[in-house]
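So that you can tell them apart, the chains are marked A, B, C, D, E and F in the order they are listed, and the count of residues begins at 1 in each.
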Amino acid sequence: MATLGLVEYEDAAPEVRAVYDDIMATRKVDWINNFWKALAHDPVTLRRTWQSIKEIMAPGALDARTKEMVYLAVSVTNQCGYCIASHTAAARKAGMSDQMFAELMAVVGMANETNRIVTGYQVEIDPQFRA
Amino acid sequence: MATLGLVEYEDAAPEVRAVYDDIMATRKVDWINNFWKALAHDPVTLRRTWQSIKEIMAPGALDARTKEMVYLAVSVTNQCGYCIASHTAAARKAGMSDQMFAELMAVVGMANETNRIVTGYQVEIDPQFRA
Amino acid sequence: MATLGLVEYEDAAPEVRAVYDDIMATRKVDWINNFWKALAHDPVTLRRTWQSIKEIMAPGALDARTKEMVYLAVSVTNQCGYCIASHTAAARKAGMSDQMFAELMAVVGMANETNRIVTGYQVEIDPQFRA
Amino acid sequence: MATLGLVEYEDAAPEVRAVYDDIMATRKVDWINNFWKALAHDPVTLRRTWQSIKEIMAPGALDARTKEMVYLAVSVTNQCGYCIASHTAAARKAGMSDQMFAELMAVVGMANETNRIVTGYQVEIDPQFRA
Amino acid sequence: MATLGLVEYEDAAPEVRAVYDDIMATRKVDWINNFWKALAHDPVTLRRTWQSIKEIMAPGALDARTKEMVYLAVSVTNQCGYCIASHTAAARKAGMSDQMFAELMAVVGMANETNRIVTGYQVEIDPQFRA
Amino acid sequence: MATLGLVEYEDAAPEVRAVYDDIMATRKVDWINNFWKALAHDPVTLRRTWQSIKEIMAPGALDARTKEMVYLAVSVTNQCGYCIASHTAAARKAGMSDQMFAELMAVVGMANETNRIVTGYQVEIDPQFRA
């Protein structure tokens, strides 16, 4: 169970409800996932975290699908079960196909492999890579 | 210095040169970066690693630029200095603009933050996220 | 199930019981948690690990509550489910309030975020930070 | 060198200068460290990151010194060289003594050790630790 | 449940069956574990991953048992539950005794501890360790 | 520079010298590496860490060379530069050949890759792997 419990919509204070409403409106969904309900015991962190994610994940030079796939790549590298489940769902909703998912995992796996091999061999950075 | 030293092109055995030649032809460059020169003491691993990367990083359902940015996102999460330097260069060559880089880092940072917060709060996975 | 199983008090050899007794006396509890029961198949590691933790976690320049919160911060960063559950309990017992927990998680999240952003931007250490 | 270079105060746009000014005023220092100068190419991220850190690191239920030590503990766990250097300096400024630092490192080390041992032994969470 | 589901032998395409058959023949087992069934939606990655593992894990200068224990050590460090379960089984099959397991965990724990302490203290590499 | 500086033999208090002497005698070397000199400002941690390492790394069911290679595998996974340098030297001294090193890195790389792929695909643990 979540450490501080979950704050359901009907039990939420007005400033928490305002965040919940904005999450549902922005994402065009009619429910709030547990992450936000767990954070809601600390309304300041809830608001700041949602505002940051809303700002960061909005389409910009990178589209929403690419951003969700990067979020998933990081979550897989960090082995965060909740995040993998939630961002796999989000990436699919943003258009990630099964083939894209499979290629994404292949890149994530390979990067994790060579990250260690290059450090393990104590390879110095080539001068060409220094800006 | 690299643990086993670096194998320069002129000192390389034919099977190593064949890999070096394929790297330069595939990437349209005229030099070999230190990672491959360090691996070349173990020609079997050199060949396998290059074949895997060549296969994985080729454009597919995901384009080359997206793949390089994912590679960079993983390398940043793992704090691999060499990989960050080399894949920043590769991603730029594949079309990553400064603005894309900045947005990529923002997503990587946020994912690393919420990965810990959600686990730290011991949040259970919503049934909606279970396929 | 634990790889080597759990050693219950009634089945434990004298040197294991001695450690169990010291754990219960030091922590003022009347039960042994699974971590120690799993380690007990290797009495040398059991004893060394307990002696180290007992020495490290005793109040010193840092009080017990701060030490438990740091232990929790590391466990969250490493995504260790068992450790998060056990050290959340331990930190609360040592006086961590819900508000302290929420602030702790906010700091842990932010540190995990900026750790990646600064490395991702390949920022050099300021000379002022070198002692 | 930083991927996008560093933005010095005299070259900064007004919204960047405003952040720099607030950093110096809040921290009572007369210089800006490289992290902020590297972020300044992306004024939106610069502002959001500074606002978040300012809010999170302000004294609350946890005092500033404890927060800085937790920040350092996470940075050490993640092996972030820049962050270790900068937050060691910040923690000292906030009152961390050499003895506190030594005890902090001992706790961080021990947590990293037992995080792996407990997971490696596949120990199940005790029912007592589930809230 | 696995993101893309599991491909059972009877439902598998010929190129997937060929990999499954080789896995069973190489490992002298009569079943396929879930990892391969999950990967099988992407036959190219399935084949490449199996060929790489087959090549890497074959006895060479290091024997099979040592390789499996190293695989387990890495999986424990990364906190990968599936990998710990599967490679504990594989290492035991390759001859790892309970005592070897216990010593392995002790080394893994200690390395994780000192990795952080040395970085936390910002210790410079001794010139004697530079090849 | 090390955060608290380095304690040279000639400046060391008797209890620190005793540890230094035991390190040199046990390892049959005539110098002390920086890790210990950095820890020496905290003689209690110095003594405990050395006693633990001495006990853990002594040959047992696993020989010294295997233990050093596991230590290196963990250090590479954690990307600890100092530890990679020092334990590569220690493993070589204990008999690790260049070929063993290359095979070790290949296993470490592969484990880091599949650790992420299996978690990324959300693969459930096979009942056969549960003891």
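The rule we apply is simple: contacts are C-beta pairs under 8 Å (C-beta built on N, C-alpha and C of every residue); 3 or more make two chains touch, one makes a residue touch a chain.
Predicted model only: the values in this text are computed from it and were never measured.
Comparing the CA-atom centres of all chains against that of chain A, the greatest distance is found for F.
Over half of the residue-numbered contact pairs at D-F are shared with one candidate from B-D, C-F or C-D, namely B-D.
Ranking every chain by how far its Cα centroid lies from the centroid of chain C, the top place goes to B. Interface residue usage between chain E and chain F, two copies of one sequence, is largely shared: over half of the residue numbers at the contact are used by both copies.
One inter-chain figure worth recording: chain A and chain C are separated by 27 Å, centre to centre, where each centre is the mean of the chain's CA atoms.
Between chain A and chain D, the centres computed from C-alpha atoms are 21 Å apart.
Residue positions 1-4, 49, 52, 77-81, 85, 88, 99, 102-103, 105-106, 108-110, 112-117, 119-122, 130 of chain C are each in touch with at least two other chains. Within the complex formed with chain E, the residues of chain B that make contact are 1, 3, 5, 44, 48, 52, 55, 130-131. Every residue of chain E that touches chain F in the complex is listed here, in rising order: 1-4, 31, 33-35, 38-39, 49, 52-53, 56-57, 60-62, 66-67, 69-71, 73-75, 77-78, 80-83, 85-89, 97, 99-100, 102-104, 106-108, 110-126, 128-130.
Here chain E touches chain C in the complex through residues 79, 88, 98-99, 101-103, 105-106, 109, going by the rule given at the top.
Across the complex, chain F meets chain D through its residues 3-4, 41-42, 45, 49, 78-80, 131. Within the complex formed with chain C, the residues of chain B that make contact are 72, 76-77, 79, 81, 84-85, 88, 105-106, 108-110, 112-117, 119-122.
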